[in-house]
Structures are given as C-alpha cells and as structure tokens.
Amino acid sequence: MGNVDLSSILTLSLFAAALRMATPIIFATMGGIFSSHTGIFNVALEGFMLIGSFFAVLGSVRTGSPYGGLLYAVIACLVAALVFAILHLELKANPIIVGLAMNIVAIGLTNYLLTATFNVWGVYKTDLIIGFQEVQIPLIHQIPIIGELLSGHFPLVYFSFVSVYIVYLVLYKTPFGFHLRSVGENIDAAESIGVNTKRMKYYGLLVSGLLCAFGGTFLSLSYLTMFSEDMTAGRGWLAMAAINFGRMRPVPSMIAGLIFGFADALAVRLQQFGLPSQIVVMLPYLMTVIVLFISAVVAERRKKSLVAKQNKIDIATPLQP
Amino acid sequence: MKKVRFLVLGLLIVVLALSACTPQAAEEPVVEEPAVEEPVVEEPVVEEPEVEEVEEPVVEETEEEVVAEPPKIALVPAGRVGKEGYMFLAGQGYKMAAADFGFEERILESEVAEEWERNVRTAAQDGYEFIIGVGSTMADGIVNVSQEFPDAKFALVDANPGGDNVMGLIALEHEGSFLAGALAAMMTTETSLEGINEEKIIGFVGGMEVPSVVRWFSGFEQGAKYIDPDVEVKISYVGSFNDPAKSKELALAMFNEQGVDILMSVAGGPGDAGVFEAVEETGLYGIGADISWDDAVPGHVLTSVLKKTDVMIYETIASYIAGEFQPGEALFGVASGAMDLTDMSAMGDAIPQEVKDKIDEIKAMITSGEIVVERPQ
Amino acid sequence: MIKNFFDKAKNSHTWKENLVNLTTQLLNYLIILIIALFIGAVVMFLSGKDPIAAYAALWQGAFGNGYRFADTLDRSVIMILAGIAGSIAFRTNITNLGLEGQLYIGAFAAAWAGFTFTNLPAIVHIPLCMIAGIIGGALWTLPVLYLKMRWKIPELVPTLMLNYIAIRLTDYLIAFPFRDPAAPMAGSPLIAASAKLPKLIKGSTINIGFIIAIVLIFVTYWFLFKTKIGYELRMVGLNQDFAAAAGLPVKRSIFLAMTLSGGVIGLGGALMIQGFFGRFLGGFSSGYGWDGFMIAIIAQNHPFAVFPTALFYGALANGALTMQSVTGVPQAVVAMVKGTLVLFVTVKVFVENIRKGLRKWAM
Amino acid sequence: MTEALSVKNITKAFPGVLANDNISLSVEKGTIRAIVGENGAGKTTLMNVIYGLYQPDSGQIFINGEEVTFSSPRDAIAQGIGMVHQHFKLVPSYTLAQNIALGVEPRKGIFIDEPALNKSVKAIADKYGFQINEREVTVDVSVGEQQRAEILKALYRGVEILVLDEPTAVLTDIETKELFVMLRNLVEQGITILFISHKLREVLEISDDISVMRAGKLVGTVKCEETDECQLAEMMVGRETIGGRMRETKQKGELIMEIEGLSVLDNRDLTAVKDASLNLYSGEIVGGAGVDGNGQEEFVEALLGLRPLTSGKIRIDGKEIQELSTREIREAGVAYIPSDRYRSGVAVEGTIWENMVPGEYYVKPYSNGLALAMPEIMMMSGTLIQKFNVATPGLDAKTGNLSGGNIQRVIAARELGLEKAKVVIASQPTRGIDIAGTEAIRQMLIDYANRGAAVFVISADLDEILSLSDRVVVFYEGNVLDAGYYDETIRQRISWLMTSGKDYCVD
C-alpha cells in the first residue's frame, strides 16, 4: 500500500463505477420526486427498493429471464405502493409513519420470504438467477475514452438516465404532469379545476413504487446477481437526501445522486491510501450532510444578494407607484 | 385520560398472551421439566451434495460406555446454521453427533449481537449440560454464563474465553490460508492461465478488520512470502460482512486497477458472493474461505480454504461423551485435518501438478512443525 | 362559585364519555394487534409453517418461566429508554430519526469511561459511565441542531445520515485508537468490574438497569407533564408559532428536547454496555433506535404507555428466539409483525368507527 | 330578460348547523347579483352548492331553465358556472397563463402546446379587456393581477355564470375600482355574475339586485336602486346597531410605548415595514387600518420580538425593548392577540389550561421552582375562563374543540384577564367571529383602555377601526401613516390613505 497517487484512482473505471453505484439512487430519487410532487414525502423508497430486489430475484428464478424478474419486481412494488396509498389515502394514516413502517416490514418480509422460499439465510445466490447483460453501444464503444465511459453498462444504467428525462418530460411538459404537480403545490387549485387529487396521489405513489422496482432490480439482477438481506443498505435514504438537495427537480436531484454514487465509488478506492476502511465508508453519508449544508449556505447567499438587489431598487424608487 | 392509554397498552400484552397461547401450551408444565419443549425439528432442509468436500469426520475411538440418559448438548452459533459458511458446517457436525450419540438436537441461532449471550443463557437455564458456541464473538457470553452456571460445560469454536468449565476450539485459519497464499503466489506468475498477468500481485478482501479476518490475512501473506518474498499482497476491507455490492466493487477495483489477478475473499457469506461475482465478471481468479467456493465460478476458483468446524465439533462432542472434557485451548490446524484446501478438482488441469505437489509438501512441513505459521495477536 | 365551576367541569365529562374513550382506545389497539398477528400468521401459513405453534412458542420464550420473564424484562430496558427518547423528541415535534446513532455514541462513551478508569469504587464508577453515555448521546445531536437551528435544514435527513456515520465511527474507534488486542471480536476492552451494573437475579441478565428504566418512566412523566420545562417542550411541540408568540423559549426547548432525547438513548447505550455486553461491540445494536421510534409512535409519546409497548417489544424479541429454535419459523416474521403494527397505528378509521358505534350503543 | 340561474328550495345541513334553509332565488342573465350577509349566514355554502362542491340535501338547481345536478365542480364548469374563491386557487410556480389554462391546456400530441396556450390566454384576456402579463410566474405578480387571472381562468373555460366570493377583501380601493370596471365589461358581454360580499357600499355600487341572507335563510331580494345601506344592514342583522360607534373619545394619558423608525423584513427578506414611527398613550385606543399585507403582520411581530428589526427603536416607559426576547417584552407589559388564532393564538391540541398559562406558568405562585403548581394554575384559569364567559366542558378539554369565538375569548382571557399589560396589541381581534362574540371582544378592549392601558387594534375591517379608535393610523406599503383623531371625516381620510398613501384626494 502507500505509494499510490491520486491519479491512479481517478480512472475511467472509477467513473464507470460511480455511474453504476448512482443508478439505484437515481431510480429511487425519480420515484421519490414523483410522489413528492403530489405532496407526499415518500420515506418508503428504501423498503420499496428492497422488495423490488427480492422479487426480481424470485421472478428471475421462476421465469428464467431477467425481464421476468423485472416484471415480478414491478408487480411487487406496485402492490407495496398500493398498500401505502390505501393506508394513507383511504385509511388516513400518517404518511411518514407508514413509510417508515413500510421499510421495517420490507426488511422483515424479504428476510422471511428468503428463508421460506429458498431455504437460505441472509444471502441467496445461484446460477438459477439470470441477470442482465451489459450492452455495448455500437460505434460509441469503439471511441477510445468515451467508449469505455459510456458503453458496456447494464441496460438499466442507461434507462436510469432515460428515466430522468422521461420524468422531466412527464412532469413539466404533459398535461398529466402539470395536474400532478399542481396537487402538491396547491391542492385547492387542483381540486377547483376538477383534478382528482386523490387519484393523482395514487399515481404519485405507484410511480415511485414502479421506479423503485427498477432500482431494486438493478441491484439484484445487474449490479449483482443475488439477493442478500437489507441489500439496499441505505440507498433509499440517500435518494431522499438527493430529492431534498434538488428541491424535487429531476436534473439537479439526479446530479446529487451522481455525487453520492461517486462518493461511494471513491470510498471503495481510497483504501489504497491506507486510510482506515471504517472512515472511508463513511464518505457517502458524510457527503450527504455536507451537500445539504453547502446547498443551504449557497441558497442563503443567493437569497441575500437577490434581496439586497431588490431592496436597493425598492429604496431607490419612490414610495408611490 | 393518560391512565387510559396506560391501561390500553397493558391490555395489549394480555391480548398477545391470549392469541399466542394455544391450549396445549397453556397446560404444559413449564418449569419442572425444562425439556418438554419438543423441538419440532424442522431445520432448513439441506441439500447434501452441496457439501461433498466435507470429508467424513474421523470418529475417534470412543469407549462403548452407553450413558443411561442421553446427554443434553446444545449448539449456539453466533449466527445461523444456514446454507453457507462455517456455521453451516458446525451445524452439520453437531447434527451428525446428535444422530450418532443419540441426543436431541437443540440449535439456538441468533441474528443480532444481543442474542449471543442470551442464547447461551437460555440453553444453560434450560438445563443443558454441554453448550457449544460457534464464533469468536460469543466469547463474552460464554464467559458470563459459564461463571453463573458452574455445573454446565461450555465449548467455543474460534476463541478460548477461559474458565474451568470452558474449552476453546481454535481453528488455525492462518495455517490454512498459508497454503492458499503459497498457491496464489505460485499461480500469479502462471501466465499460461488465461487472464493471469506477469506482475506478482495478489489480493485479499476482508469483511471487517476483526481478529479472525486478520488471522486469515496474515497466514495468506506469510504463505505468499514463503514462496516468493517479492509477491505483493494487496488488502481491502469492505467494512461489513453483508454488503455484497460493495464487496464486488472493491474486488473489481483490485482486479481492474491494481493488477491483482488472484483474490482471496474472507468477506462473510454475502460479501464473498459479491467478490466471486467480480471474479466471474473479470474472468480472473479467486480463492474461497471457510467452505468450498470452488463451484461458484467453475474454472476460476483456484481452491478454497476449508475450516472444518464439523470435524471440530464432532470430535469435541465425542470426547465430552467419553468423559474427556478438558478445559482450555484445543487447537485444530492443518495437522489435525481441520484446516485444509479443497482438492482443486474444479480447476481441472489448470493447476500444474508440481504446484499441487509443492502444496502437499508445505502441508507436510506444517504438520511436522518444520514450518511454523505465526499467529497474529 | 369557583368550586361550582370545577364541579360542573368534572361532571360534564360523564362516566359514559370516559368509558367510550377508554373502550375506543382499547379496541383500536386490539384491532391493530389482531391485524398484525393475523398478517404474520397468514405469511407463516402460506409458507407452510404452523402459526399457532409458532405463537405458542413465542409466548413460551417470552414468559414461559421465571428466567424467561426476567430476561424479557431485561430486554425491554433498552426499548423503554429508546421509546422515552423518541417520545421526548416527538413531543417537541422533532423528528429525531438519529436515535440509533446517538445510541452508538452514548454506548461508546460509557464503555470508554468504563475501561479507562479502573480504580474507582462502583458507587462512583457506575454513575460516571452513565453520565458519559448521556453526554455522548447528547453531543451527537449537536451537528443536527446546528444545521436545523442555524441553517434551517430539517432534521430528517441529517439525523439519518449521522446514524451511519456513528456506526462507522465507533467501528473505527474500536479498530484503531481503542482496539483491544485481546478481544476475540471487534470490540473495545472490557469495562472494569466496578462499572458493571449489579444483577438482580442470578442466572438472568436482569440488572438494576431495569429499575433505572422504571424510575425514568416516572421521571419523564413528571418532567413532561408537571414541570415548567416539560410544559415548554410540549407547547413548542403542539404549536411552535403559538409558543413563540406567547414568549416561550422556543429555541431552548428545541435544543433541550433534542439533547435530552439523545441523552436518554445514550443512557440506554450505557445500560446495555454496563448491564449486558461488558464492552463496546461494533454493530451491537440491532436497530434499538428504530424500535424506540416505533414504540414512541405506538405509545403516542406517553411515558406510561411506553412501558407496556416496550415490554411487548421485548417479549417479541425474546420469544422470537425460542420460536425460531423450536418451530423453525424465522425470527423475521416478528419484524414483520412489529412493522405492520406501526403501519396501522395511525389509521384513523378504526377509532372513528368504534367511537361512533360505541356512542350509538351508549345512548 | 331570461333567467340564467335559479335555485329552488335548497337545503343543506352540516352537523349542528342548518347552513341553507329552503333557499330559492333566480338571477337574470347579464346582471350582477350581490349576495350579502354576515359571516356564517350561509352565503358561501349556497355558492358551493351552486358550484358543485357540496351536494344539497334537497332542492333543485336550474341553468337557463333546465334542471341540473352537480356531483363535482367539473359538472358545474361544464354547465358554464365558474367560481373565484376568496383564497386564490393558483399554483404559485406556474405562469399566469399556465394557471389560467390549467386543466384545459391546448395539447400537441401528448404534450402541452405552450405557444398555443399563451396565445389563447392572451386572446381571451384581450376579448374581455383584462390586462395581464400572462408569462409572469404567479408568485411574482400583485394580488390584483392574480385575481384577474382567477377570473380569466373561469372565462377561459367559457363560463357564463361567474361566482365571486368576497373578491374585494384583498384589494386596494383602486384595484377594487378596476375590478368593478372589468365586471361591468363582462356583464355587457352577457356574463352573469354572482357577487358575495359583506361590504354594503361596494355592493350598492356594483350590483343590479341584492339578495340578503341571515342565519341560513334568504331574507329577501331587493333592487339596488331601491335600497340603501341602512335597509340592507337591517335586513342582514335584524337590527340597526351594526357598525355603531362603541366608544366615547377619551383624552390621552401619558406616553407608554414609543416606536421610532422601525424597519422590518418579511419572510422573503424583502422590506415589509419602512421607517415606521408610532406612539401609544395610556387610555387611548389606536386603530391600525389598512388592506391586509401592507406590513401590519410584520410590524406587530417586530413589536413582540418575533421578528428581527433592521433598524429602529421601541421603548416602553422609556426603556428600550427592541433587543429583548419575546418573554421579556411581554414581561415589560405587552399583551398580544394575534391575527390568526389557530396559527399562533393557541395550541389547538392542548388543553384549555395549557393555553391559559404561557405567560404565568414559570413564576410564583404558579410554579414552585421546577414544578408547576397545578392547583393555582387551575384556580387561575378557571376564574378567568368563567369571567370571560368561555363555554367549555372543562379545563382539561381540548382547545381545538371550541368554536372560533370561544377560542378568541380564551386568548382574551389569557392576555387581558390578569390585567398586567400596559399595552395591548390586538391584531384582527374579531375576524371570523359571530356578532355576539365580536361585540364582547370589542367591549373587553374598550374596558381595558378605560383602565389606563394603551390599546392598539389592527383590523382590515374599517368599521371595527371606526367603532373603537380614538386615533387611527393606516398601513400603506410598509409605511405607518397618521390619519389623525376620530371625527366625521376620518373615514374619507383613511380610505384615501389606504388606497394612495395620501390623505387628500388623488383627483
């Protein structure tokens, strides 16, 4: 160890790894954004993803195809999201508490089912699980650096970025997204123009379940081809931090997700410097807090300068219009 | 109003009682006969072929004195007797002993740290006379309980907690991983094997920096240096025994960026699974630990260092039943056959015969004491 | 005249109304509990296990004999402290999801005081470790408080992240600066015998920590409902704008509630180390902070209700061991039951319908 | 003329209240119909029935002579009914055009056609002579413009019957005048307007017919030109006392509170109060008039220490208090009745006694050291609750279960009951309270001033100001302007100040 310099860490494979590690976070982030825009802060992202991971493996084993796994995961997550929605929207339960409880149920349920269906504890890995294969993008993968960076990823990695664009289009460019966002911003306005706000909240939660299913599937059928208990390991919480940072806007939130993925990938490599592993693995979490802190500082700065400008105009102009 | 809530929740407990108590359970006499809890033995059914490497434990000659009453012996693993890992082997050894010596099985598995001591205690409270813990993390629990229950006997796989009624069953992991290190050092220059580079760099992924993992690593490094002092051994810790994603990422980083071509994994069951995924993806080579990982990625796992806890436990039970309980440390190393490599058959002809011969030679030297593998503190 | 007023006030809440309220609450919890147990049973049944046998074993494991009962009480100690820690924060409307991290830091601080000082008499050493635990837990809330009070960052995400950081940090501390070379596991050195809590029953783990927990329940009740500061915390929790306009010390209350919450769970960590583990173990907590969060919610943040809830949780945890070892039903089912309980606990329709029904019946 | 809308025998009951009792009325096409009544008379319920938000228990609705039933506003919109609520239903981050077209956006494929949207909004605005910047983001435009957007939102959907709920409550006089011009424009284009208000002068100015409601019943409908304020007031209240002056003007006493050069920022850090000065004297009631949102809230919060000052000094009895905490300011003798009693007046989830003692719980005899002295607290709260006639089942009852008027009495009892305060700051003290409660609260303030305290009443209700004040100041765009002492011409001075910031006529 020891004589490793920084340039040996900042390699293409680091950025490729960052993309991989960011993918589940980005999926969960986009899902969370969808429900946040209907006014429900979904704290069950972690649990949804975990359920998705498990059922993806189950589906892959049962159907012998990763797409079958994806289908199982989607169905399971939609059911979980539906349970959340019914508890909150029909039975009027507190969404934060339901979300946190969902996470706990998800851990219990997946652990139990893991043992009950596959008769194993903790981790399930066999050749029966068929994962996704990396795809080489024709032409691009022949370009030297860019090819290595952009090509050769799992389909879901590409799809996570596509999903950001889709989420952006749906939320900001379609009437549906338009109505959906109005529910979160001013529910009275939405109601007054005849938007079925409850249905929109259902959509919000179901879409967040759907996208978490993709995130979970990525973890258990692409990133790895196995299921192990609690394998989401806090990525859902990181997604919440990303949403918080990006103020529910898809692209800035995605960037936050990439930052967290990068921190994760970097942490793995920093050990070569002889840094204690325990300290290094803190990095993504520490980064989250720091990112929140910096964004708060920046926001205040920007507001102050804006206000100074406005107040200057205010004072300069006569009192009466 | 405040009292109301209090009452309500008090009732909650009663309700649980009502719903949990079947008539039989309620009528069951509880304290006088602690053994009445018939263990409905429905342990996870295990596919035997999975563990074909487990050699039949050598049953020591036991005196044929048949004890009138079957002994009460419990197994308390610091984890689960699940499908993989040395806990599983421990469970196999225990079950075999139960079948051979005719006592009832009682395995108390745990999931979290708090349950280690609690399970030992539960066994002691229930009147078990010989309680076998598995996993060094149980040490404190064994110490605490053995002092409070001086009549019971205790044994612990992986550590010697000390005490008049306690024995420590120590597997010399470093001896086993010494063999693996030697093998890796020889193979890292074997460029005829696809993917092996010329650089003398091998790697080791550990779950967490805890004494047992450090022991594994130390032996591995010593073995490698014994073959060739120039071999560089890279090491990384995942920070967890059950984060396969991170294990895989670490392994990939070592393979792709640090010139490692052979990687030994001691990252816990889930963690190991992640590492071997990296092996599969890169087409390079891995070495497993505890149990056989040879079939995880056919043709890419050079060998696995077996820690035959089944042998250790079976022999310990046998000697206990023979009345030969000896407090203190009992060592199980290469010499006793408890630490060993797999036969490398999964690699086919990829490993040259002279390498295999060299390994056998080292094994013999360790057995005879010619090579002393240092045990890190 | 004043007396008349009070009499009138008392009488207007008739006994019937009280009965309706009490029965409503009772039935509500009963329904939720049945749903949770039923869902657990269905899952067990579908996977081919016998739910009745499993629950029977669970009961046996929790209360089957004197030892079991004592151990269950001991297990509930940390749950009580975690529940109280959660209650104090939630009463002040602070979403302290960082109980887990505060527990780690508190436990480590207590262990540090336990193994660093070796020549103290028990009467000094025991409280010293507890105080160290309290301070440790409280200190770990300070970064969150800074972010919340100075930069208006909601505490939700920072408290969560500090959990992970605390777990890693303590892992680091026991791996390097405070490593015990003799320890057979990832842990700190053993704490001095003078720091260990005296046991109440030989053979069981129950110790004076249980008495401390019980006392703490009453102290917390008194503190929250009978003292000036408790009044301030509750008013800030009920309506912060009102509290500010009325001149209550809002910032101080938030600060106090958060640090107290961290301090109590830190004390919980100290009790675990001093009463049970005897040293700091890396990753020793299996989500006690989360249990505390859920217990506080189920108990509606009332200290008296925390006790039975924590006992229930302790019984589930303890009984699950026996359930698993006797019937082979994985413990995970218990986590599901616990989670499901919380899923339904804020559901309002049961309460409303029960109350409506009872009213009709009572009239 | 044809009948645009009529309702027959509409009855709608809520638990404990008969909100609409057998109401029948009909409105002719192309007219403005005002519906007046006190708060709680049932106007808004009736409008919500017409708009489909509520379903009536019985009765019929006819549009252009045909019977219709509405299960949601969607049905009402389809029948050409549009409603502009008192609280605007606009999405803050959307542009005005987006808000106007929300729900009926022009589409291109599956996407919204933004250019077409902007163009169509512009077209409809031009057609009815509305001036708006349709591409501005809603939060950035004035209240008047937001209201125009609200009305356009209805017109965009092709409504023929427009319901306006208290449209002038948030407008300045000038904006109100502009609104009235626009409404006349609409009527000329054949739109029928229902106009809910309790401001009689405005109603007389704009409407063709006036229906008066009282306690859920329709009292009667009169032609605008055949009636006057007095008659309407009588119909509304059932007696003629409304709006009467409750106070004899008193001589001012000594100076108690001095506010000098106060400047404060609002929540968005923009200047809300500029260099404001005001003196409060013992025994005097000062009224603070002004349209909501001209800095009143920020001014009061600054006085209470709830909001930092950017400059200025506040003195009580000559002692500077601007650096003190809220508690210290209150201890110096300031009582405070906040404008939004649910937001900052009480903790609705708390018990009555908990809401009674936030000013006293920490001093003897209500606390002994650390603990609360419950008997004393209960005795004190009980006495005051009784003295201020709060109707409550007991001191342990949940405050949120009380009616608005009773909650306001709880606050008054807390703030005024112990008679410690030298200065009373009451912000919107009677907003949303029934008549009996209103009079009681006003009387409490007068009594308190008569005992020698300085009372400062801020209200958007000019009648309240006029009925109580010895002296009036007007909040206008963050300035506190002096309207002088009460006399016959003060109403005019106030309204000029409120609308233009000058105490003479703009013309």
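Side notes on the structure shown:
Going by the order they are written in, the chains are A, B, C and D; count residues from 1 in each one.
In this section, a contact is a pair of C-beta atoms (placed from the backbone, for glycine too) under 8 Å apart; a residue touches a chain by one contact, two chains touch by 3 or more.
Only a predicted model underlies this, so the values are computations on that prediction, with no experimental measurement involved.
In terms of the stated touch criterion, the partners common to subunit A and subunit B are C, listed by label. Greatest Cα centroid separation from subunit B: this falls to D. Here A-D and A-C are compared, and the pair linked by more C-beta contacts is A-C.
Subunit C and subunit D have Cα centroids separated by 46 Å. We define each chain's centre as the mean of its Cα atoms; on that basis subunit A and subunit C are separated by 30 Å. Chain geometry summary: the mean Cα position of subunit B and that of subunit C are 34 Å apart.
Counting partner chains per residue, subunit A has residues 115, 121, 278, 281 touching two or more of them.
Residue positions of subunit B touching 2 or more other chains, listed in rising order: 1, 44, 208-209, 239. Shared contact sites, meaning residues of subunit D that touch two or more other chains, fall at 396.
Which chains touch which is summed up as A-B, A-C, A-D, B-C, C-D.
For subunit A in complex with subunit D, the touching residues are 169, 173-175, 178-179, 181-182, 185-186, 188-195, 303-304, 307, 310-311, 314-315, 319-320. Considering their complex, residues 18, 21-22, 25-26, 28-30, 33-34, 37, 52-53, 55-60, 63-68, 71, 75, 168, 171, 175, 181, 183-187, 190, 202-205, 225, 272, 276-279, 281-286, 298-300, 302, 304-305, 307-309, 311-312, 315, 318-319, 321-322, 324-328, 331 of subunit C touch subunit B. Subunit D makes touch with subunit A in their complex at residues 72-74, 77, 83, 85, 87-94, 98-99, 102-105, 107, 110-112, 153, 265, 268-271, 274, 477, 479, 500-502. Contact residues on subunit B toward subunit A in their complex (touch as defined above): 44-45, 80, 82-84, 208-209, 234-240, 242-246, 248-250, 252-253, 256-258, 269-270, 273-274, 277, 296. Per the touch definition, subunit B reaches subunit C in the complex via residues 1-13, 15-17, 19-22, 24-25, 28, 30-31, 34, 37, 39-44, 106-115, 117-119, 121-122, 124-125, 136-137, 139-140, 144, 148-149, 158-159, 161, 208-211, 239, 377.
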